[in-house]
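The following blocks contain the structures, represented as structure tokens.
One chain, chain A, links the two complexes that follow: it is found with chain B in the first and with chain C in the second.
Then we have the complex of A and B:
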């Protein structure tokens, strides 16, 4: 997918449109103010074939993101995070297809969009930053030229104005704008390249940013800076963010809400602090337990039992690995159940004491 | 580690530049004790992998000394170097790249032992005559079913490939195993399994480790001592349990803060 296709277009008076929308000065939530969510995914299912005869990759997934909100999607490799993101952009790679549910972007069902409308939406309101940032650029054209071209194409501005915006965008991500504009991609470090990708994704003020593992290829400090940047820009421009990551630490630090995926399902979701305190799904609890604490280092690390990626074909997808599984977990699908306001989970034992997940054998060095 | 520890490796004043502009390593000195794990933490470009390349003698230092078991590693040549190479093995970040896709797991695991027919690790002594049995034992040491010897790398997950790479890495019972970001490309829960495995093997076999990572939590978990690098220089080194001590260098504190909520 080309760089250009994923870019957004916006207005030069950058923050104006967004601030009008949200500066109510009161503490009401967007929902209470009747502002539609930027993104609303209802009951989404994705199969490897159009007629749902193939393998099911995503099952009955629900997710909403409000303006300015950052929602994290976490889960192990292959759990369906990126496929879900592709469905939102309407760019599911063939032969994958949506076999159920709907995706509303700014209140509009994306399935009803014509191809030109979809391209316009992608060009205008949704932008994506991938882990593989380098793939979004053309290697043999200077970065400045690429950014300017992109602004001109989407907004029809003259070169001079476009150059001003491109410069601002690069400065916003703390790059030496002049130098970077005059560079080819390969002349920049990985962290710099990722910043350019983020500058490009945010420069035209999208309503939704999908950041798919934006820091995985970067080292800790660079990754931290990139996330800080996304975080501050979304507060400033009220851009909604779908933050895909397998790094729980980053997610807890940044996201307003977390949705945990396993085997194509959101097995638990809720406000970040609630989830951290009161996780109900065994998989979420394992993930939380696997965080390393620098002050208290165990002799052995907790790991999740079973084979990573093992998904039960019927019943609960986590059943093959779950130490507290009961008989019906293997056969009965688990509906999404409400734990508390805004906190849902899919586990047959939701209301019951699950007890220890088997962490007892962990011994401490000190 | 106490002062009496006999040092396996003593590195003094090591410097290396790739070209006029890139001073990859400048004046780095440290020691690794027998059975010790020295963690090296630093950001990309800080010189961690250059250090590994020098210790493997894939590159030659411009200045400085590397004494391994009293031998000047930096001066060795030809057959002498080849003989010493087996004392230092490495596990790389990307297990997919480390294994030849055309070779079976059996061939990959056995390659080092075939290259050094006179080497007999303690844990293979009773079966040195039987390649098949040695390969099976190596696999079981890294927690893989021996039946998988006939598989090809593409039939294994990332974590399983990394286990194969570790089996190779320990197969000559090296004195020093260099782990260069061994879990960076793996899922969190798989990372934990691989780190546990590396730690168990170190205890069982009494190897020393140079454990390189930008993940300070993983370094803290694995290491007895930690060395912090920045732009080719040693920022500081300290006992691992002193990572959170107030006297830590501001740069180290920055690394810690980035992973603390």
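Then we have the complex of A and C:
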């Protein structure tokens, strides 16, 4: 049975594919078993205007997510993380547009989808959880009604059946289902609102969940429970996750792979343990250094030099803030270079000893 | 909720007192004398003594405050008095005209909604495209056209040249069309723009993006999810229009010889028929307060956030 055939055959096909996925041994990776990736982004560029004349927000981005995998996309505000996610869902805000590259979801180029096809895919095959939980549902309509609306839209079930699934979904996220169904969104606390959003996102067992900074607007403890929830539900539903965050700490604990963005480019990506151990890009190294460790509190917290968000217009985007840059960094674009299997970085100095980055911190503060 | 209704009823009493007292004083200050109208003084020779007798019988020789107090106590006993001219009870008079005014009001609002709702939605969805530009032009024309001119043009073509519709009086649905269209077109421009801007604002809300991300169809996103908030300013405005229309749209009622409140009160003012004017002012004042209460309740119904805040 062809992969596309399974996709179109709906729920049955999906379950079949999932059981197939679980039954396979854990030794081989999905790529080795020749299962196509859930999401494959090739050479994606996004500009603020359709004709590539505007500001470049994302440049030549490559990212692949295998079934069931959790990939973290991290970077500071304005580095292009959320814009990339919007491009995947096809919901780029009005003036922004994809100016190059392609996005394959389950092997299908999303640019070829018609608007109704794309809508049929959203919520069922690709789900999104936003940072702004207060805006995740329409404030004038009771939550139950909106969950049922979503189920009926995708599954075509009657109200009673849809209600059963909606109730189950809310119980999955440990909410008092009946009460929440009959509430408006603003009657719940922030953590509860985000739980409802997660329930809705995973209710129809999508293949890909895009979690766009789901914990940024929550307090640390609530954020942590939300992350645990996403983690346990993704294992339960075998759903791949694109986790967007600026918190490296959260990401290292949970993600299978990490992609670090700076100035619209993925500057480094690789399996989490590899990246933590042997990061090659100065920016990634700075991020790793700026982590706090309770066992070993440094006298002075390391910070990244330069102005946050300063992006060099040509050459390496991090050149303006990089303490080890050489002349080439300001002028020559950096190609994606393979460090080891699955670990890539974009840095001219990849093969060379970069020395101690901390020296720059001292000169900056003196 | 009950607090709102209570405070509005209180407001109704205050508004009623203030309105009627103000009109009472202004009427007396204005030149003209009802006695002369009553006695037909221009056509018949009337002595000073006869005038005084009529004035005395109507209580018009009393001080202003006494006259107002007397009128007020009658109102408390639900007696609005009777017309100086026709001697019919004012309450009956208003009741007989209110129906006609309500009919043309509803007609006008229906025409307005039929134009403004689709046009407003289309111009918000296709912002700055040709539909939007066209509706902008239409709105500008609609707002700028004086309704007496538009009414005359409609009468000229539809009633006189093509003889499709009656131009005068109230005799069923056909009679309703021209006055309703005249009123509706005049109002539609403002409402189209209001709905457009409201909807553009709500379409940019994060919950609309979330509804799209759940895969809902665009029509459903607009009609079910975005329109609710976009329609709120329209409802508020609707209350104001309804209030002023129920007071009688004088121009349209005069133009189409429509037997409504507007025509009644203009006649009463010309004839210095004080009780009719007073009764009219009191009734429309009450209506406006009641309509605003209705608007507030509707807005609360549409936006549950307001319901829970209080």
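The working rule: the second predicted complex is superposed on the first by the 335 of 366 C-alpha atoms of A that agree within 3 Å, B and C clash if a C-alpha of one lies under 4 Å from a C-alpha of the other, contacts with A are read in each partner's own complex, and residues count from 1 in each chain.
Quick note on the criterion: contacts are C-beta pairs under 8 Å (C-beta built on N, C-alpha and C of every residue); 3 or more make two chains touch, one makes a residue touch a chain.
If you're wondering where the values come from, they're calculated on a predicted model, not measured in any experiment.
The superposed arrangement places chain B and chain C next to each other on chain A without a clash.
By the document's definition of touching, of the two partners only chain C reaches A:119; chain B does not. Using the contact criterion defined above for the overlaid structures, shared-chain residue A:166 touches neither chain B nor chain C, since it reaches no partner. Look at A:339: by the touch rule set out above, it reaches neither chain B nor chain C. In the superposition on chain A, contact is made by A:150 with chain C only, not with chain B. Contact with chain C, but none with chain B, is seen for A:140 once the two complexes are overlaid on the shared chain. Legend: residue contacts after superposition of the two complexes on their common chain; A:320 is shown touching neither chain B nor chain C.
When the shared chain is aligned, no partner comes close enough to touch A:83: not chain B, not chain C. When the two structures are aligned on the shared chain, A:255 is found in touch with neither chain B nor chain C.
Judged by the touch definition given at the top, the superposed model places A:196 against neither chain B nor chain C.
The superposed arrangement places chain B and chain C with a least CA-CA distance of 14 Å.
Within chain A, no residue touches chain B in one complex and chain C in the other. Taken in their complex, chain A has these residues touching chain B: 76-77, 189-191, 218-224, 246-249, 252-253, 286-287, 290, 292, 294-295, 297-298, 300-304, 308-309, 366. Chain contact summary for the complex, chain A toward chain C: residues 89, 91, 115-116, 119-124, 127-128, 130, 132, 134-141, 146, 149-150, 153-154, 184, 186-187, 197, 200.
On the chain C side of its complex with chain A, the touching residues are 205-218, 220, 224-225, 228-229, 302-305, 308.
Considering their complex, residues 43-45, 157-159, 187-190, 192-193, 195-196, 199, 214-218, 220-221, 241, 243-244, 254-256, 258-261 of chain B touch chain A.
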